[in-house]
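Shared between the two complexes below is chain A, which has chain B as its partner in the first and chain C in the second.
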Partner chain A sequence: MEDWNLSPAPESASHIQLKKQYDLFINGTFQKPNSKKYFATINPATEEIIAEVAEANVKDVDSAMKAAAEAHKTWSKLSGAERGKYIYRIARMIQEKSREFAVIETLDGGKPIRESRDIDVPLAAAHFFYYAGWADKLDYAFPMRKPQSLGVAAQIIPWNFPLLMAAWKIAPALACGNTVVLKPAETTPLTALKLAEVIQEAGLPAGVVNIITGAGSTGAEMCAHPIPNKLAFTGSTEVGKLVYKAALNGNKKLTLELGGKAANIVFDDAAIEAAVEGIINGIYFNQGHVCCAGSRLFVQETVYDEVLAKLKKRMDMLIVGDPMDKNTDIGAINSKNQLQTIERYLKIGKEEGAEIYQPTCKLPKKGNWCPPTLFTNVAQSNRIAQEEIFGPVLAIQTFRTIEEVIDKANNTPYGLSAGVWTDKGSKIFQLTKALKAGVVWANTYNKFDPTSPFGGYKESGFGREGGIHGLEAYLKFED
Partner chain B sequence: MNAAQLLVGFKPTPVDLLGVNDRITRIKSRSIKSEAKLQGLQMALNMIDLTTLEGADTPNKVRQLCYKAMHPHDQMNGIPTVAAVCVFPTLVRTAKEALKGSNVKVAAVSTYFPSGQSTIEIKLRETQYAIGEGADEIDMVISRREFLQGNFEYVLDQIIQIKQLCHKNKVRLKVILETGEIGSLDEVRKASDIALLANPDFIKTSTGKIGQAANMQVTLVMLQAIWDHYQKTGVQVGMKPAGGISDAKSALHYLMIVKEVLGPEWLSNKWFRFGASRLANDVLMQLAKQESGVYQAPQYFSKD
Partner chain C sequence: MTRLNIQKTYKLFIGGKFPRTESGRFYSINDSKGELIANMCLSSRKDFRNAVVAARKAQSGWAEKTAFNRSQILYRLAEMLETRSKSFVDEMVLLGLSKRKVEKELEKSVDCLVYYAGWCDKYTALFSSVNPTASSHFNFSVHEPTGVVAAIAPEVSPLLGLISVIAPVITGGNSVVVLASEKLATSSISFAEVVQNSDVPGGVINILTGNLAELAPHMASHMDVNAIVTARGALINGLENEIVSNVKRNYDWSKSIDIHNPYKILDTQEVKTTWHPVQTSAASGGGY
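For the complex of A and B:
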C-alpha cells in the first residue's frame, strides 16, 4: 500500500497591493493621525509585519464623528434609489477584487484561504448586494411607520471575520441613510482599510463612511463621543458590557453581538455522517474563532461510540498549517494573546479531569498554532463546558432524553446559536421552540445568508443583523 | 448464514443530502497539484475497467479494446495498464486470449445484465458460463424489481448464491446496485448495506445503460457504507463507480473521496475501479501534459 499525499498548493500573494503604512480614512481621504502613532499588524502564520496602521486618538475620533455628522445632512436626504446605487457599486467592486480581499484577509488574520475565498469575501459582497436592494424599499419593509435614519453609527468589529463584519455593519447602516464611523480590530485592520479604498474609488460622498484604526481605547472614545446616535458592537461579552454602559450614559441606540457557547445536539436517529461533518464545520471553522461555534457537543448515549469514532477519524483528515495553502483546513490562531487563552483552557480541561484528543499533525515552527482538539468525559459544571474558549476546542457530553438535553443546552449564560441533528422533523420543531438561542440550525451548521437575521439572547447580546430585522436596528419610526 | 438470518435486525441508516453535499464540496476544494496529481493520474488509469457492452460488439472490436487496455499510450514511458476489460460473457474468451500474458483482468457482466429480470437458475447458468469462458471477475446486477417492493431477502439471497459460485471458482464479484433506478440516497445506502451483508468483493453504482450513472453523492454514500461494514466485520469491500466519469479532474476527486473516507488501503485497483471508457484518454492527455507541459489535441490519442 502506498499513501497519496497532497502536494503544496500555495495561493499567490503577488497580485495584491498593500501599502507599508495606512492612515485614517476620514471625510473621504486618508489622513495622518493626530496621535502621530502607528502600530504594526502581524501575519499570525509567519509572525512577519505586514503593514503599519495609524492609531486614532480622541481628536481623530472627534474629526471622524464630525465628518460623519456633516455627511449625514446630505446622505440622509438622498433618495433611497440613489443610496442603493452606491451600495451596489461597493458590492460589485468587492466581487471584482475578491481575490485580493481573500488573500489579504488570510495574511492578516490567519484563516485558511479556502474560507476567505469561498465564505468571507462572497458573503461580504452578498451583504452589500442585499441591503442595496432595501435602500429604496424601506417604506415597504415597515409600512405605515415612516422609517427614518438615526444619524451617525459608531461601529466596532472583531478580528474573526474582519471584512464580513464590516459588511454586516456598514451595508444596513448606509441603506437606511445613516453615516458611519467604523473601527476594525487592531490585529486585523487591513481588509477594512482596503474596503476604505474601495469606498473612495466608488465615489461615495466624503464622510459617509469613515474607517479609523486603533485598539480598545480608540473604541472607548468612539462610544463616549456625543455625536453617534447608535452604537453597534460585535466582540467579547466583557467589552460588550462596557459598550452597553456607554450607550446608556449617552442615550444611544445599541446592538450587541457577543459571545456564545452553542449546544450542538446529536440524536441517535440522525444521519450520523452528516452530523459528524456538521460538528467539524461547527467547531473547527475559522479555527473556532466564531461566536456561534458549536463548542458544546451533546451526543445521545446510544450513538456516542459511533459518533466519537467517526469524529476522530474525520479530525485526522484535517490539514493544519499554512493558511495560504489551498488545502489547509485549519489556519493560524489569530494572535499570540488568543493562543495563550486557548492553551490556558486546554490546561484547565485536563486539570478538570476531561480527556483530551488531538490528531498528530506537523505544525509549522513559527506562528500561532493549535491542532483541532476535543475533550471527552466533560461535566456540565466544567469550565471548558461553560466558558467561551474561542478556539478549535470541542467539549463533548452525553445525554439520555430530550428533556435532559434541552435543560443542559439552555443552562448557560449565552444564547446565540444551537444545532440539532435528527432525521425526525417533529423533534426539530420541538427543539427550536425550547432552545433559547437566536439561531438554531437543523441538520446543518454555520450556514449564513444576508436574508437571515442573526443575533442572540442573554449574554450573547441583543438586536439582529441581517434580513429585514437588520434594518430596524438602523432606523427610527414616527409611531 | 442465509439471507433471512443475515437480515435479522437490519436497520436502515439515514442519509442527509445536505451533509453529503457539504462533504463533497470540501473534498472537491482539495487542490491536487504536481506530484500528487501525477501519482493520482497514474493510479486512476490503473483502476479503469475499459468497457464495451453493446449488442454490436464483435471479437475484433474487443481485441482492439484489449490492446488499448495493455498499451494505453505507448508514445510515453511509464504508463500503467488499465485494471480490466469488461465485456459480455460471449466475448470473454476472445478478451482472455487477447490479454494473455498481461495483468489486465477480464470482467464479465452477468445475471441478465442490465435489467436482471430473470430467474436465479438462468443467472447462475450465465455466471457459470462466463466463468467457464475464463472470466476473472463477474459484474452482477441486483434485482431492482424485488428491492423496490421491499423484498430484501430475495435480493440478498441472489447475491449470496452468485457469490458462492464465484468464490468457489476464485472469481471476484462486483454487485451493481443500479442506483439511478432505486431512488434517493437513503435507498442507495439501504441497497449498499444489503449487498454488503453478502461480503462481495466490490459494490458498484451503475450498469451504464440508463441515463443516471455514477455521481459523487452516490459514491460517497456507498463508501460510507463500506466503511461501516469494515468497522463491524473487518471485511474489506471494494468500490466501483461506473458510467458518467469522463474527465481526469473528477477522477482525482473521486480518489480523494476514497482516501478521506476509507483511507489509502483502498487506493489500488484491488479495491477501487472506475467503470469508464472515455476517462482513459482524458487521464492520458493530462499525464502527457504533466510530462511535456502542454496540452495535446485529442487526435494524438487512440480512441480504442
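For the complex of A and C:
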C-alpha cells in the first residue's frame, strides 16, 4: 500500500488569548459565580487542563434571567434596523478573530482544525450576518401576523459544534428582539465565553446576551426558571424530553433539535466514487459527533462489494490524530465519557454478530481516540442500527428495491436527516419525498447554510433553525 | 293512528365504517325535558387505538393525492354538508340550541370547509422557500404532513368546532382521530355520514364520541400519534410524561375556533429541506 504519511502541519496556538479562569457573563460583565465553584475544561487530545470555568448555580441562573428580562424592556423597543446593526457587528468581529476562535474550538473540543477553521467558525459568522438582516424585515416574513418578540430565551447547546450552535441560537433570538441566557456544554465552554467577550466589545447593551457555564443541573435550573418564555435545546433525545416537559409545565415556547440515526442510501446507478466520499463525510465528519451523521448506510446489493471495497480503501487513508494538525481528518473524541459510550457500542455490535472493520492507525498515547469504524452483517434490529452512537461508527445494510429501503430508512423513532445517492432525478424526488426527515441531502451530505432550515421529524425534535423558517421559533403572533 | 318515528343509532366512525364501541358502553343525551335523544357510544382506549391504526393506514395515501384533488374533496364535503343543512339544524335544535344560532353555525361550518378547500393547493406555495445557500447547491424547503393527528373538538358549537379542528389538519395531508363534543355529540356522527358520502378516503377522518378525561391519557401516550391539537383547553395538565414520550407536537386551539387562518395548517406540518449540488462550469467534469 502507498505511503500516505504526510509531514506534520500543526496550527500554532501562540496567538490565542485565553484566561486561566472564566467567570459568568451576566448583565454585560464577567461575574464571580455565587456557587464559588469552578470546573476544568480539558483538551481531549492531550488531557491537559486549558482553563477553569465557573459553575452557575440556581442564584446565578436567577440573576442571568433577571438581567435578560430587564434588558428585554429596551432591546425589544429598539428599531429592527438598529438591532440588526449590533448583530452585524458580532458577525464581523467573529470573522476578524476567526483564527483565534478556530484554534480554541479545536483545543477545547478535539475537532480537526481544518473543520473548525473552514466550517464551524465561518458558518457561525455567516449565521449572525444572515439573521442580522432579518431584524428589520420580520413583518415581511409573516404577512398579517404582526410578529413580536417573546421575551427571554433560555438556550442550551451541545459540545459537538460549540460556537456554531451558539450562533444558531443567539442570532435569530436577537434579530427577533429577544434577550438570551445561553449555556454551552460543560466540556466545551470556551468559544462561547470568547463570544461573550466579542459581544462585550461589540457594545451590545448589558443583559441582552448572558452566557453562563455549568453542567446538566444548571441547564435544569434554566428550564425550570419562571422568567424565560422560550426554551431552545440542542442535544440528546433523552434530555430533550426533560426539556419538553419543563416547557409544558412552564407554558414556554420550545425548539428541540435532538438525536438522529440517519439513513445514507446508495443506489447502483450512483456515481460510486462521489458516494464513497459522501459516506465518509457523512459519518466521520467531526468524529461522528453529529446529530445528522449518516450512521446507517444502505447500499443496493448489486454494488455492495464495490462500495465496501472502496469505502475500506478510503478509510485506510483517513488520518486520525492531533486535531491541531491541518492534515488531520479525524480528531479526538470529545470526552472520556463519550469515548466509553462509543466503545460500549463497539462491544455491543460485535456481540450482536456484526463484523467490525477498523483501519490500523497509530493513535497518540494520551487523549481520547477512536479509529473510523464500520460494521457489516448488521441486522435492522441490532442496537448499532437503532441507537444513536454519536461517534465514528457506521452500520452497513443492503437492500434490493426502493420500497424496501424506504421502509428500512423510515423505521426509526428519529427523523433528522437522510442521504440519497443516485444519478436519476425522478428517483431522487421519490426518495426525498418519502423519507421522513427534516433535511435530505441528495448526492451530497452534511451541508449546512444559514439560509437553510435545519431540524427534525418525530423524536428528532421540532422547530427549525436557519432560514426564514428559523424566525418563527423566536416570535409570538397576534392570531 | 300516529306513526312511530324511527330513531337513529349513533355509532362511531372509524376507517370509513360505523362500528359500535368495542366496549359496549354508552352514555345518554337528553333534551331539556329529560327525554332521551340518543344513546351515544362511550369510546374506550381500544376504540381510540383502532382509530389510530385506521388513520395511519390512510395517511400516506391521502398525503400522496394531488393537492388539487384534496382541494376538490374538501369542497365536496362542503357541498354534501350544505345540502343536508336542514337536517343538521333539526338535529341540533333538539339539543336545546337556538334555531337561529344553529343555522348560523351550519353556514359557518360549510364556509370553513370551503375556506380550507381553497388552501390545499396554495399553502405550500406561500410558506415554502428556495434557500440561497452560499455553496453550489440547489436547496428548497417545503411543508409535509406530520402524520396522524389526535384532535379534541370543543364542547360547544359541536359541528363548527368539530370541523374547525378537522379541516386545517386534513388540508395539509394528515389523517385525524377526533373526539367530538361529549354533551352535544349527535351532529358529529351525522357529519361522519357526510364524510362517508363525500370522497374522503376511509380512515382520513375518524370520529369518536365519549369522555375526554377518560381518553386524553391514551391520546397523549399513543406512540403512533404524531401531534395533538385541542380546542377544549390545555390538555397537558398531568399528561406531560405521555406527551413527551414520543416528542408529540402539541397545540392548543381553544382560543381560535373558526378563525380562518392558514397558519393553523402549519401547526401539523413539518418542514423538509432538500439539497442537491449544482454543477458549476469551473467544476464541470467533476461528477456532481
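Methods note: the second predicted complex is superposed on the first by the 474 of 479 C-alpha atoms of A that agree within 3 Å, B and C clash if a C-alpha of one lies under 4 Å from a C-alpha of the other, contacts with A are read in each partner's own complex, and residues count from 1 in each chain.
Operating definition for what follows: a contact is a pair of C-beta atoms (placed from the backbone, for glycine too) under 8 Å apart; a residue touches a chain by one contact, two chains touch by 3 or more.
As the structure is a computational prediction, the values presented were derived from the model and not from experiment.
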item: Which partner, chain B or chain C, touches more chain A residues; value: C
item: Touched partner set for A:Arg114, first chain B, second chain C, both or neither; value: first
item: First, second, both or neither for A:Lys146, with chain B first and chain C second; value: neither
item: Partner chain(s) touched by A:Lys366 [first = chain B, second = chain C, both, neither]; value: neither
item: Which superposed partner A:Lys241 touches (first chain B, second chain C, both, neither); value: second
item: First, second, both or neither for A:Pro413, with chain B first and chain C second; value: second
item: Partner chain in contact with A:Asn5 - chain B first, chain C second, else both or neither; value: first
item: Which of chain B and chain C A:Thr444 touches, first, second, both or neither; value: both
item: Common ground on chain A, meaning residues reached by chain C in one complex and by chain B in the other; value: 271, 273-274, 443-444
item: Chain C residues within the chain A interface of the complex; value: 129, 131-135, 137, 139, 141, 146, 226, 236, 240-241, 243-247, 249-250, 256, 259, 261, 263, 270-277, 287-288
item: Chain B - residues contacting chain A, complex; value: 13-16, 18-20, 22-23, 26, 29-37, 39-40, 43, 224, 231, 255, 259-260, 264-265, 267-268
item: Contact set on chain A toward chain B in their complex; value: 1-9, 114, 118, 269-275, 277-278, 281, 309, 317, 326-327, 423, 443-444
item: Interfacial residue positions of chain A with respect to chain C in the complex; value: 126, 145, 237, 240-242, 244-245, 248-249, 256, 258, 271, 273-274, 413, 428, 432, 437-444, 447, 449-455, 457-462, 464, 467-469, 477, 479
